[in-house]
Amino acid sequence: MKLLEQLCKIHAPSGNEQNLSKFLLNYIHEHKSHWKTQPQVLHGEAFQDCILLVFGKPRSAIFAHMDSIGFTVRYGNQLVKIGGPDIENGYKLVGEDAQGKIECTLKYDEEEAQLAYDFDREIERGTELVFKCDFRETEDTVQSCYLDNRLGVWSALQVAETLENGIIAFSCWEEHGGGSVSYLSRYIYEQYGVRQGLISDITWVTEGVYAGEGVAISMRDSLIPRRAYVQKIIQIAKKSGIPFQLEVEGAGGSDAKELQRSDYPWDWCFVGAPEDNVHTPNEIVHKKDVDSMVALYKVLMEKL
Amino acid sequence: MKLLEQLCKIHAPSGNEQNLSKFLLNYIHEHKSHWKTQPQVLHGEAFQDCILLVFGKPRSAIFAHMDSIGFTVRYGNQLVKIGGPDIENGYKLVGEDAQGKIECTLKYDEEEAQLAYDFDREIERGTELVFKCDFRETEDTVQSCYLDNRLGVWSALQVAETLENGIIAFSCWEEHGGGSVSYLSRYIYEQYGVRQGLISDITWVTEGVYAGEGVAISMRDSLIPRRAYVQKIIQIAKKSGIPFQLEVEGAGGSDAKELQRSDYPWDWCFVGAPEDNVHTPNEIVHKKDVDSMVALYKVLMEKL
Amino acid sequence: MKLLEQLCKIHAPSGNEQNLSKFLLNYIHEHKSHWKTQPQVLHGEAFQDCILLVFGKPRSAIFAHMDSIGFTVRYGNQLVKIGGPDIENGYKLVGEDAQGKIECTLKYDEEEAQLAYDFDREIERGTELVFKCDFRETEDTVQSCYLDNRLGVWSALQVAETLENGIIAFSCWEEHGGGSVSYLSRYIYEQYGVRQGLISDITWVTEGVYAGEGVAISMRDSLIPRRAYVQKIIQIAKKSGIPFQLEVEGAGGSDAKELQRSDYPWDWCFVGAPEDNVHTPNEIVHKKDVDSMVALYKVLMEKL
C-alpha cells in the first residue's frame, strides 16, 4: 500500500487539489500502458483540477474525490475549518507559506469556541494547514489521516487496471460544499449519455456497519437515491459473493449531492469501505473492507 | 373522489415513486381518449420515475410531486425520517419487506430523541414505511394522509381533461431534498422554450389562510418568486371571479426551489389548497378549496 | 456620488428588481456613447430582470447584484425578512401598496421574536418594505442603506466606461437564496466561453480588514474558491500597486455560490470594498476603498 501512503501525504485541501491532480496525471501516464484498456485522459482548464478517465464505451461512472479537510489561517493565530475536521488540542498540522514549511499544533479553546494554531511565528493569512500524515499499517488495517478519500481514489486506480468500459472521475471540493461534480456529470451525460453513478468514498463504522464485514452499500444518507437503482446494485452484489453490508443513515453526504440535484437524470449509489475515527488524523479501515470495495467495483462496472 | 382515495393509498415515499408513476401511466393511458387534447406522454429511464404530459403548444408548466413523506428502517427497530413527517406515538405505519406485508406502530422516545417501530418481528434494513391510509370524506372535507400531494396530482389530472396547451410534470423527491425538477425544467425549457411554472401542491391553514376561503396563491415562502410574475397571476385570479387567498410565509418550500435555482430563467408561483394537520395521517382539506384550485388552474393555463 | 445616491434610493428588494433594472437600462442607454467600447446590452424576459453588458471579446465577467434586503408584510402588522436585514426598533421603512405610499417604523418584540411594523393603517399583504434612505457623504466616507450592493453596481458602471473586453452582469436575488447567476453564468459560458468570475460586492470591516486600507480580495468565505485563480488575482493586484487587503472568513456568501455550484467550470473571486454597520440603514464605506475597488477592477479586467 505504498501508493496509498503517497496519496495520503499529498497536500490537497478543498479548493487546492492541484498537487494531487498532478500526482495522479503522472501516475496514470506512467502506469496506463499496463492497464487492460487505454483510457482517454481528460483534464485542463475546462475541468479545473479534476480528471476524467474514459474507458471503452462507458455505461457507468465512478466519482472519487481528491480533496481533504483541513484549516485556513485567518487573522493572527486564528483558524477556520475546511470541511468538518475533528478538533482536538495537540493535533499536528502542516503547510507552507512564503516564509517556508510549517509544522504547528492545533489549539482549541472550548469556552470561546476559538480555533487557533501554536507556532513560533505568525503564518501568512490564507495559508492552508492539513493533518500531518502518520501512515500505519498492520496485517489487518491501514491507518492514516485522509483515508477519506485517498482510499477511494486508490480503489478507483485499482479498478482502472482492468476496466474495459466506464468512466472514473477524480473530483474536487467534496469536503467543502461541492462544486465540481455538477459540471463533470453534465459533461459526462452530454458526451457519453452516461447517467449511472457510483460514489467511491469512505463511510463510517457504526452500530450497524462493522469493520471487516465488507464494503458498505449505502441505501441512503441525508439524501435518498432512487430505490430501483440501489436494488439493482444490491442484487449484483448478492450474486457476486463478495462480502458487503447495507448502510442506512439519516445524515451525511457525498459527491452524490450534486448528482441528485443535477440538471440530468443521474442515478447514484454510495459504495465504500467504512472507517473508524472519522475525520481525525487516525482514520482506520480494515483491509478486508478495502479488498471487497475493489472487488465489488470491478463487478459493478461490468454488470451495471 | 374515488381516484383521490386510490392515489392516497399508493406506497410512494421519496426515492421510490415507481408505483405511483405506473398507476398514473395506466390511468392516463385509459382516460386520455376522453380528454379534449391528446398529450404526448414522456417517461422512461431518461426521466427516472417522472412523467411529462405535453399538450398542444405549451406556454406554462404545472409541477405536481408524486412522492410522500415516511420513514426508513435503520438498524434494529430504529427509524430515520423521509422528509418531515409529524411524529406521534401510535401512528400506524405500513410497508413490505422480503418477509411480507408490515403493519406496525410508531414509537417516539422524546428524551432520547429516538424514532422506532413496534412490530412482532425485525423489519429488514432499508425498508420504507408510510402512514396507513384512513381516507375520510364528508360533505365539506376530505381527510387522509398524503393529501400533500396526491391532491395536487389529482388536481392536475382534472386540469388535464380540458387542457389545450401546456405541460403537466409529475415529479419525484420533493419531500426530501428535491432532485427531479432540475432536469425536468431543463428539458422543458430546451425542448419547448417554456419558463412559466405553477406549483400544484398543498399548503398550510394558518392565521392568514383559512379552510374554505379558496385556493392559496403564495406570494412567497422561504424563497421569493419574481414579483412581476406573481402579480400577473393575481390579476388573472381577480378577473376570474374564482375565490382565492394570498399567502405570505417566511418558511416552507416546494418544487419551486429547483426552478428558482435553475440554469434557466424560470418564473414560478405556488398555487394550492391549504390543509390542516400538515404531514400527519389526518391531513384535511375543504372541498371548496379543492374546487377553486382546479378552477383557477384551468384559467391560469389558458391565460398565462 | 450623485449616481450612487440615486441607486441607493431605488426600491429593489430581492424578487422585485425591476425598478433598478429599468433605471440601469436607461442610464446605460444615455451614457454608453461616452464609453470607450460600445457593449451589447442583453435583457428581456429570457434574462428576467437581469442585464448583461458584453464588451469586445470577453475573457472575464463581473457580477454585481441589484437587489437589497428588506421585509415583506405578512398578516396583520407582521413582517417577514427579505434576506438578513439588521433588526432594531425604530428603523424607518418605506414602500407602497394600492392605498398609497408608506413610511412606517420597525417594531421588534425580542421575547416573542416577532417582527412588525407600526403604521396608521394596515398595509396590504405581500407589500415589500425597505429601509428609508438617508444618504450621507463626508470627505472620507459614504453612508447609506444599501451600499451593499448599490456600490458594487456603481463600481461596475465606472469600470464600464473604459472596459474593452469583458462582461458585466447585473444580477437578482443575491440577498435571498440566489436564482439568477445560475442561468446568467450558463448563458455566458455557452455563448462566450467565459469562465472567470469576479464578484463586485461589499464585504465587512473586521478585526482583519480595515476601513481605508484598500479593497478586499477574499481568499474564502463560507465557500472556498479555487486557490490557483485567487493567487493569480493577488499577483495582479500586487503588481498593480493599488492598495488591497486579504480577507479570510469562515462564513458569508455571495453570487459566487451559484458559480461554485454551476454546471460549468467557473472560477470566482470576491473583490469588494469593506463596510461597517452591515445590513443596517447606516452602512458606511471609506472612499479610499471605493477608489481602489474601481481601480483594481479596471486592472483585473485587463490582465486576467
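In this document, chain identifiers A, B and C correspond to the written order of the chains, with residue numbering beginning at 1 in each.
In the analysis below, a residue touches a chain if its C-beta (ideal position, glycine included) is under 8 Å from a C-beta of that chain, and two chains touch if they have at least 3 such contacts.
No experiment lies behind these values; they were computed from the predicted model shown.
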| item | value |
| --- | --- |
| Proportion of interface numbers common to chain A and chain C (over half same, under half different) | different |
| Superposition of chain A upon chain B: rotation angle, C-alpha, nearest 5 degrees | 120 |
| Distance between chain centroids, defined by C-alpha means - chain A, chain C (Å) | 36 |
| Overlap residues in chain C, where contacts from two or more other chains coincide | 262-263 |
| Complex contact set, residues of chain A against chain B | 195, 206-208, 219-220, 222-228, 246, 248-250, 260-265, 267 |
| Of chain B, residues touching chain A in the complex | 14-16, 18, 45-49, 72-76, 80-82, 125-126, 128, 172-173, 176-180, 182-183, 186, 258, 262-263 |
